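Per-chain residue numbering starts at 1, and chain names A, B and C are given in the order in which the chains are listed.
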Amino acid sequence: MSKKSNYYNILIKQKLEILKEYLYLLEQNKLTFAALIIILFLILIAIIAPIIVPFPSHIYGAVNPQDKLLSPSWTYLFGTDEMGRDLFSRVLYGTRISLLGSLIAVAMGLLIGVPLGLMAGFYGGFIDEFIMRIVDMFLSFPPLLLAMAIAAFLGPSLKNAIIALIISWWPWYTRLIRGQVVSIKEREFVRAAHAIGTPSWQIMFKHILPNCISPVIVQASMDLGGIILTLAALSFLGLGAQAPIPEWGLIVNTSRTYFIKAWWYGIFPGMAIFIAVLCFNLLGDGLREVLDPKTKKY
Amino acid sequence: MLSFITRRLLLGILTIFGVILITFILVRVVPSDPAAQWVGGRATPQQVAVAREELGLDKPIYVQFEHYIKDLLKGNLGYSLMTHQPVVEELKKRFPATLELVFISCIIALLIGIPLGLISAKDKNSWIDHFSRFFSIGAISIPTFWLALVLQLIFFMFLGLLPSGGQLSMKIKLFQTVPNITGFILVDSLITGNFAILKDFLKHLILPAICVGAYTIGLVARMTRSALLEILSEDYIKAARSYGLPERLILYSYALKNSLGPTITAVTLAMGYALMNTFLVESVFSWPGIGKYIADAVVCLDYPAIMGVTIFAACAYILLNLIADIIISLDPRVKL
Amino acid sequence: MKKYCLLIVVTFLLFSFFAFTVIGNSQTDDFAFYAYNSSPVTDWDPSVEFSNGIVSLNNVYETLLRYDPLEDKFVKLLATDYTASSDGLTWTFTLRKGVKFHDGTNFNADAVKFSVERTINMNQGAAFVWAPVDKVNVIDDYTVEFRLKYPAPLDLICASGYAAFIMSPTAVKSHPDSWLTEGHEAGTGPYLLESYQQERGEVKLTWFKDYWGGWEGNHFKKAVIKDVSEAVTRHLVIEKGEADITIELPYEDIASLQDNKNVNVLIGPSFQNLILFFNNEKEPLNNKLLRQALSYAFPYEDVVSYCLEGYGRQGRGPIPYGLWGHSEELFQYNYDLKKAKELLEKAGYATGELKLLLTYMSGDEAERKTAELFKAKLAELNIDLEIRGMPWDSQWALARDNNSDKRQDIFIMYWWPDVCDPHCWLYSNFYTEEEPFFNLCYYKNQEFDSLVDKGFEESGVDRNKATKTYIDAQNILVEDAPVVFIYDKKNIYCLNKTFQGFKDNPAYANVVFFYDTYREK
């Protein structure tokens, strides 16, 4: 065995150990663990949705007007909507849209927010002031309002709603990271790296970042839920996904017109939103207990 | 303290300005014709042209922006394209309804959230703790608009106990003259002693208040719990216990009071969130407040109205944040 | 401390217990309650209002004539008689005597001249209906003469639901310009505006004691029109008997209301129709064969059955059923997938593979469902129809975009008359326009244009000749297929069974003339 492959073996073993440790801690908190399982289940559904739905054609286009507004039955588990489409299929497929949309928004938010926060904290001075003033500007707004305004002016569509959410969310990560960076920056190992001439970007990404990433991970996992919620809220107001996209919030909005005749219509997509957001929040909560050194149980 | 406040206010003004600028530009980029919307569905080309001139839309962007800022400083938010009324007047008329809703829901949130957090921290890791933690996370996860629909379904459709919407029932609105002294129905009906209206109003208020307050309940419960837990592990509490002071005294007189600081600040912030929730709840319950106003404006892209509400809500939020920070700073342990 | 808290709580509970058992209600006069689906007025100025406000204005103001399209006759309101010269250029109206305005002044020819000229000069709203008028002359106190620039059906114009109201010159002149818009009125109608609360969307009307029609017999003395924008709430108030009349309920709910013993459902024709406009200027829909193919691919029956629950009929030509100028002889496309495929092949699109953009007004359920049904049918022909819901404002702006390539391929919208005249459709929607306005199929046909002009002039003189000309024009439209005539809507009014006397008049969309109505126990 070469030295290099030996090195990698040990590295992998180390990482596995850490992973095992985290999973053990997670398991202690049963609620969080259950949430994790449900989330994995949802991800699974999102991935295989087009295959497992009973009525794939009902997701977008085809209409079946003879069967409109039927109550839940064995054929149509959640009933049908006003165009005769199976609500069960649409809600299942909606998982894909919500999860994917939320993932994109959080990922892009991180991609923009984290480097900016690193730079602000690391370089300090004018760059710090400039970036943080902009961040403060954004943070002075309640997130839903900012997203609403941007989505309204860009034009109502799913794409624009996600863009609006990215714009509303990145400042949170920047502020979070910057706070951490400022305190880590003065530590010994950073000074040492600096002294031996490591380039700045390497210091930022390889040394500082791994040490302050945990609150961001916690925040990001809770945000996955929060963004699903906000996206659904935007669609509910008419600013997000438009017909015939089967987005959860949009389905709930459409259900309002048929409230009297088909009261079950809006229950299921709303329930889906609730479960998804709840699980992400529980996960984030549990992760916080695991990752936050202050509240470690041992 | 004063410099802190001034600094924050200046920052707030800068923020508002930035937002106005951005939204203003966006409006001009999107395919839409405010002049056409102003004259209504079926105008002639000449009328649209005249309206365009009247609204100043034919001038270059920076001139329009200048006018808008000037108007803003005078307190003029423009005219709603839907109703042709000044946006400021519309907001003034609708604000009391929203304020009542937000205020009552925050009170409910405090009445439910604080005891919940208290019990939870007191008996940590008991079944009641787990239940309340689950409940409070549920409260901040639940989609407000869905909760509104579910409550409507249960209490109106199935049980028939509560009305489906509005502030007052049709009968009361049409048969009685609703007193209008302060603009707040709750206060006015109490002052004039009109209990029929009060009872009717409360019946209409309770479901929307719960929906708007759900998030706040969860937030307050969690904050109370974590603040209390931190305090309960402090040395002076241990000392008090070792002196033999009754647990209840320690809890209420020492721990709770010290934890109220962060909790109250959380509530102030949560009022901002509650304001956002009203956007979602008011249209479901036909509550004639700002939330419904902007929900309607957003559907037909009434830009002056949207911008007006955005500016207003942002100002309110900034103000609330400022108040929250000031309250925190009253705690001598916190450095400004 | 605790004891005090307990005391406060107990007091509060006792207090609320007593509060809940005390009821205070004061009865006032019986009134008619119209649960309207939108704001009952946009602008109180009768020269300007061109929107929902007519439901309020038509009870407070009056016009010279009122048109009953179902019986094709005119009801004489402020005018007792009228004649037209043989060339159709001079119209003379004899006015009713003894009519008073709400401010106490007398109604006379000066008032007519003032009102019409004011509307024309302000040139807002539907003022364009007076375009043919050259001069208004006062012959004597109760005779007024209109001189026209070209022949036109002035009787229909005077009976228009918009812009034809007569107002008191004294009241209007003695107040600043904005007085009317702020919420005041100066009419002759049977009702006074008692109060208007804009943020609650409430218009309260009360009877005008000196109304020329008198108050003998059964008439409601008070009425309220209120904005109840939630369809669910409108349904509930009519079901529970809290409202007397309402409109625009979801079609799915109508069947259950018909079974309800306390509700009368009145179904009548309206002059509102839904038209699908092809983009005749842009590829690929500039190809007539393709348009005809798509006309055969449209699911007319499904749309009427499922989007309207049967409360409508397929459109036959642009003029809605029941209005003069409509012809049952016109050719009508039907849903025939085979024919559609044949024509597609002839047009050169045998394999389909087309991508088209359709825009509709977001929020309108019927439009959305229609679009989705069409999308599904076109998918069977391998045509990808993207449907996009947009606010009316954006939808219209896109259709008038300076860059004609950006415009949509298909535009759906409703049309309804301002004057009960086929010209309203034929001119606004199909006449050649340099800059697109409402001709959103961008149709440009000289032959058609000249027929429309001819018909308009004839309609001022000889209605039958005009009808024939208009039918010729419509035949061209059907052949060229620049649009698809989707459906003629039916008006559905849900009434409380004690609310009597209401008669639907499609010429005045959604207007309830409260004077004719009364309560029957």
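Basically, a residue touches a chain if its C-beta (ideal position, glycine included) is under 8 Å from a C-beta of that chain, and two chains touch if they have at least 3 such contacts.
Please read all numbers here as calculations on a predicted model, not as lab measurements.
S.K.: Please give the intersection of the contact partners of chain A with those of chain C.
M.R.: A chain counts here if it touches both chain A and chain C, which gives B.
S.K.: Mean of the CA atoms for each chain, then the mean for all of them together: which chain is nearest?
M.R.: The most central chain here turns out to be B.
S.K.: Express in whole angstrom the distance between the two chain centres, defined as the mean CA positions of chain A and chain C.
M.R.: From the centre of chain A to the centre of chain C is 47 Å.
S.K.: Distance between chain B and chain C based on Cα centroids, please, to the nearest Å.
M.R.: Between these chains, centre-to-centre, one finds 38 Å.
S.K.: Where the centres are mean C-alpha positions, what is the separation of chain A from chain B, in Å?
M.R.: Going by mean C-alpha positions, chain A sits 25 Å from chain B.
S.K.: Residues of chain B that contact two or more other chains, please.
M.R.: Within chain B, residues 30-31, 299, 301 contact more than one other chain.
S.K.: Can you list the chain C residues in contact with two or more other chains?
M.R.: If we look for residues of chain C contacting two or more partner chains, we find 232, 236, 362-363, 394.
S.K.: By residue number and range, which residues of chain A touch two or more other chains?
M.R.: Chain A, residues with two or more chain partners: 155, 238, 256, 259-260.
S.K.: How about chain A: which of its residues touch chain C in the complex?
M.R.: 61-63, 65-66, 68-69, 82-83, 155-156, 238, 242-244, 256-261
S.K.: List the residues on chain A that touch chain B in their complex, please.
M.R.: 31, 133, 136-137, 140-146, 148-150, 152-155, 225, 229, 232-233, 236-239, 249, 252-253, 255-256, 259-260, 263, 266-267, 270-271, 273-274, 277-278, 280-282, 285
S.K.: In the complex, go through chain C and note every residue touching chain B.
M.R.: 19-20, 22-28, 31, 33, 39, 42-43, 50-51, 123-126, 128, 181, 198-200, 202, 224, 228-230, 232-233, 236-237, 242-243, 362-363, 391-394, 396-398, 400-401, 406, 418, 435, 437-438
S.K.: Can you check the complex and tell me which residues of chain C touch chain A?
M.R.: It comes out as residues 231-232, 235-236, 250, 252-253, 256, 302, 305-306, 362-363, 365, 368-369, 372-373, 375-376, 379, 387-390, 394.
S.K.: Which stretch or stretches of chain B touch chain A in the complex?
M.R.: 11-12, 14-15, 18-19, 23, 26-27, 29-31, 130, 133-134, 137-138, 140-146, 149-150, 152-153, 157, 272-273, 275-276, 279-280, 284, 294-295, 298-299, 301, 303, 306-307, 310, 313-314, 317-318, 321
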